[in-house]
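By written order: A, B and C. Residues from 1 in each chain.
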Amino acid sequence: MRPDDANIAGNVHGGTILKMIEEAGAIISTRHCNSQAGEPCVAALARVERTDFLSPMCIGEVANVSAEITYTSRHSVEVQVNVMSENILTGAKKLTNKATLWYVPLSLKNVNKVLEVPPMQYTRKEQEDEGKKRYEEQKLDRLETKQRNGDVIFPIINPDRQTKEPHTVGYSQSSLIHLVGPSDCTLLGFVHGGVTMKLMDEVAGIVAARHCKTNIVTASVDAINFHEKIKKGCVITISGRMTFTSNKSMEIEVFVDADPFVDEPRERYRAVSAFFTYVSLSKEGKPLPVPQLLTETEDEKRRFEEGKGRYLQTKAKRQAQMQQAAQQ
Amino acid sequence: MRPDDANIAGNVHGGTILKMIEEAGAIISTRHCNSQAGEPCVAALARVERTDFLSPMCIGEVANVSAEITYTSRHSVEVQVNVMSENILTGAKKLTNKATLWYVPLSLKNVNKVLEVPPMQYTRKEQEDEGKKRYEEQKLDRLETKQRNGDVIFPIINPDRQTKEPHTVGYSQSSLIHLVGPSDCTLLGFVHGGVTMKLMDEVAGIVAARHCKTNIVTASVDAINFHEKIKKGCVITISGRMTFTSNKSMEIEVFVDADPFVDEPRERYRAVSAFFTYVSLSKEGKPLPVPQLLTETEDEKRRFEEGKGRYLQTKAKRQAQMQQAAQQ
Amino acid sequence: MRPDDANIAGNVHGGTILKMIEEAGAIISTRHCNSQAGEPCVAALARVERTDFLSPMCIGEVANVSAEITYTSRHSVEVQVNVMSENILTGAKKLTNKATLWYVPLSLKNVNKVLEVPPMQYTRKEQEDEGKKRYEEQKLDRLETKQRNGDVIFPIINPDRQTKEPHTVGYSQSSLIHLVGPSDCTLLGFVHGGVTMKLMDEVAGIVAARHCKTNIVTASVDAINFHEKIKKGCVITISGRMTFTSNKSMEIEVFVDADPFVDEPRERYRAVSAFFTYVSLSKEGKPLPVPQLLTETEDEKRRFEEGKGRYLQTKAKRQAQMQQAAQQ
């Protein structure tokens, strides 16, 4: 990990880690999908499950990324990726991140054709059953998000940001545009999912820093669905706004909108959206209280309540897991 | 803004800011030029007006770049770009740069064809008049520079490279300078050996391509010794010259010299040197014959013979290994 | 492997592979040298043995880099690195490169102190003997090169820069070459204007720093006209020379020349030129006086006067603007 991978406090950006995770996932699933004779294909990222950043990684540490295929359906592959940080001076190793990704094989000759996935061998019957359950769950969630995303596109770039009060939604909201270059893309000419996630984390980080004006780090990312491909040469706008704050965390919603502007007749479209959770850290790395978000409009109040719902749900789930672990 | 965007004092390079300005200008003008049905096009930069850097930007600050179209002529677009630096910890904002750029739409199908620009709507008549005046002024200046530039080409370094005959040592010799940035360095603040070798290969590749004007690839690198460390902030000069050609290969000697120019009292020193061997390939990937190197001076002839010695020695060693392998 | 890692024919640059090899070597040897309690250290590359590129690697392939420690002396570590290219579509794997590197552990507290290497365990006695033989051989070769290198420093480009007096034009003039890669280019395959300006600023900054040996920053750039397009695959030479100094500023003229060297029959041409103005700053960010430029030839004197003209004109314009602003 190099200076450019990290913020000024030396913590590696969550987006850099997400990008490495996706790279490992894309390699292992493309390799698997081409393991039987047949039409050559490239695995495209369809979804990343909710993931927590368990411990920070620092400049000078070595990242060990390992990936394993854990389930295959007829048209998709589930990959489990683990990231360990290793301090090669002290030998200390820590689990930084566990992530689950879903890939779909697209034909190299016709990018709109989804190919069949060679079935994997399970060592135990339960593995297959559990995988099937996870597959059905994510399928349902993808369907729901697809319907929600279809609604409207609202560029949240706010011309009057300057006049906004600190701690309002308008004060911290941010956006950046990026021209998709050749090295951002796969062999099919579409943006790597990891490149998109890195940019999303960058915007979310700026929103969080503008809100609390301290050193901030990514704590978790909720499930992200990639419905629409983004082509080489597109301009993408990545926008972020704060939706919710608890005592020690901030939730930021991030949108990726693509302008297919030169050779395609279509309109701007929403390519991806997701919620990132950030925490604020003191110089010693201790969590700091977060200033409460001031909501002004009805929409902002509604989104705050929805964010609170997600926060409480995640908290309850975590407590249930801890109790379960304690009982075992 | 990241460590690699800035010098060792933490000031962001003017060039990094100019690059962002141009990216914003290219996006907005390409978008405008494609806003009406018609031949798809890409806006190409034709001119940047004189611009001042009003206040420095630093590592860790956020750059806000905003662009607006301010005038359109029949075949060109004027874009005004403002850059603000924002310290997201203190909230302080400063105007860093105001720039005016001119773009011309080129057809995606035929890059030599300049297309028409959809006219913009002005809110006041004076805007159009003032824009027209700026347009006429820059047109005049462009014309003048074109005439001046057309005159002669005077490379200011190595003035006699132009006059060298093809296939001489002087004709293909090349050098590049590189400012050592944070991401080039280890935890100790010294350049990674791998970064140095990558730059050496880059120069050697250019020498080889200049000599034979075909697609070339690295065939081997001889032993490289790293006697001297190179510190962050140094400027290094990497120079390459051809020493020897066989029927199908070229040997290029590469030197790395370091200028410890800001805080150290010492002189420029030679940090590394090595020999790279390249081969020339046809479009089908087959080895091509290499034009023989023309040696002129006594030194060049001596180096050619030394190179021939290394070449024959390596060849003999390889044959011995193959015989040994065949016998086993 | 991405488009930026390769030449226009799709072959990955040897330098990219050398960089990965060294990264693997540095990680494994730093880890080994810190494996016993003691002073923390970082392994620094001392030598790379001769290495062959056995088969080409292409864009879209996955590079598998594996490293192993094969010998340790008291103060050095020998690492063997193998690189395999893997086509994940066909499953084909090829050995691309075998390399041997030598590292030396330097103390993190005192970079001039070489620490002791924990001895490795050999499975067979011959391994140690063979390693010792290789160790002695490379030691001898390093000693020889050191003596050779110590002799003279002969920069092969611009041979007389060394002999120039400080503050002359020749002393600070600089140039760099850049091979235009895919990420430097627009959809049309021509260099982004912003990429060119960034390189121009880089060269101008090095000229300014060589002249005044302090921290320098860009103050302004005069109008730049882009008459000629630069194509992907070109080599461009960016050269800078100082033309004028005032009490607190330096003017540097920068040229961009393009060599369309592979598939086009045309000659080198001047693509862009511009004047950059730099100021020198103290550690506290205050402007410092600039040493006066020593002009030697008639041309240099003429250019100095022209620069003075531009300087006075800009100064007058700025004063007029300030007066106007004060009156409003």
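In this section, a residue touches a chain if its C-beta (ideal position, glycine included) is under 8 Å from a C-beta of that chain, and two chains touch if they have at least 3 such contacts.
All figures in this text were calculated on a predicted structure; none of them were measured in a lab.
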Do the two copies chain A and chain B share over half of their interface residue numbers, or under half; same or different? different
By Cα centroid distance, the chain farthest from chain B is A
Could you tell me the distance, in whole angstrom, between the mean C-alpha positions of chain B and chain C? 10
Averaging C-alpha coordinates per chain, one finds the centres of chain A and chain C separated by a number of Å equal to 34
From the mean C-alpha coordinate of chain A to that of chain B, what's the distance rounded to whole Å? 34
Give the residues of chain A touching no fewer than two other chains, as numbers and ranges. 262
Residue numbers of chain C touching chain B in their complex, please. 7-9, 11, 13-16, 18-23, 26, 42, 44-53, 56, 101, 106, 108, 111, 138, 141-142, 145-146, 149, 153, 155-158, 162, 173-179, 186-190, 192-195, 197-203, 205-206, 209-210, 213-227, 229, 235, 237, 239, 241, 255, 257, 259, 261-262, 268-270, 273, 276, 281, 283, 285
Once bound in the complex, which stretches of chain A touch chain B? 2-4, 7-8, 60, 166, 174, 177, 179, 206, 209-210, 213-214, 235, 259, 261-263
Spell out the part of chain C that touches chain A in their complex, as residue ranges. 2-4, 27, 30-31, 34-35, 40-42, 59-60, 62, 86, 88-91, 108, 182-183, 187
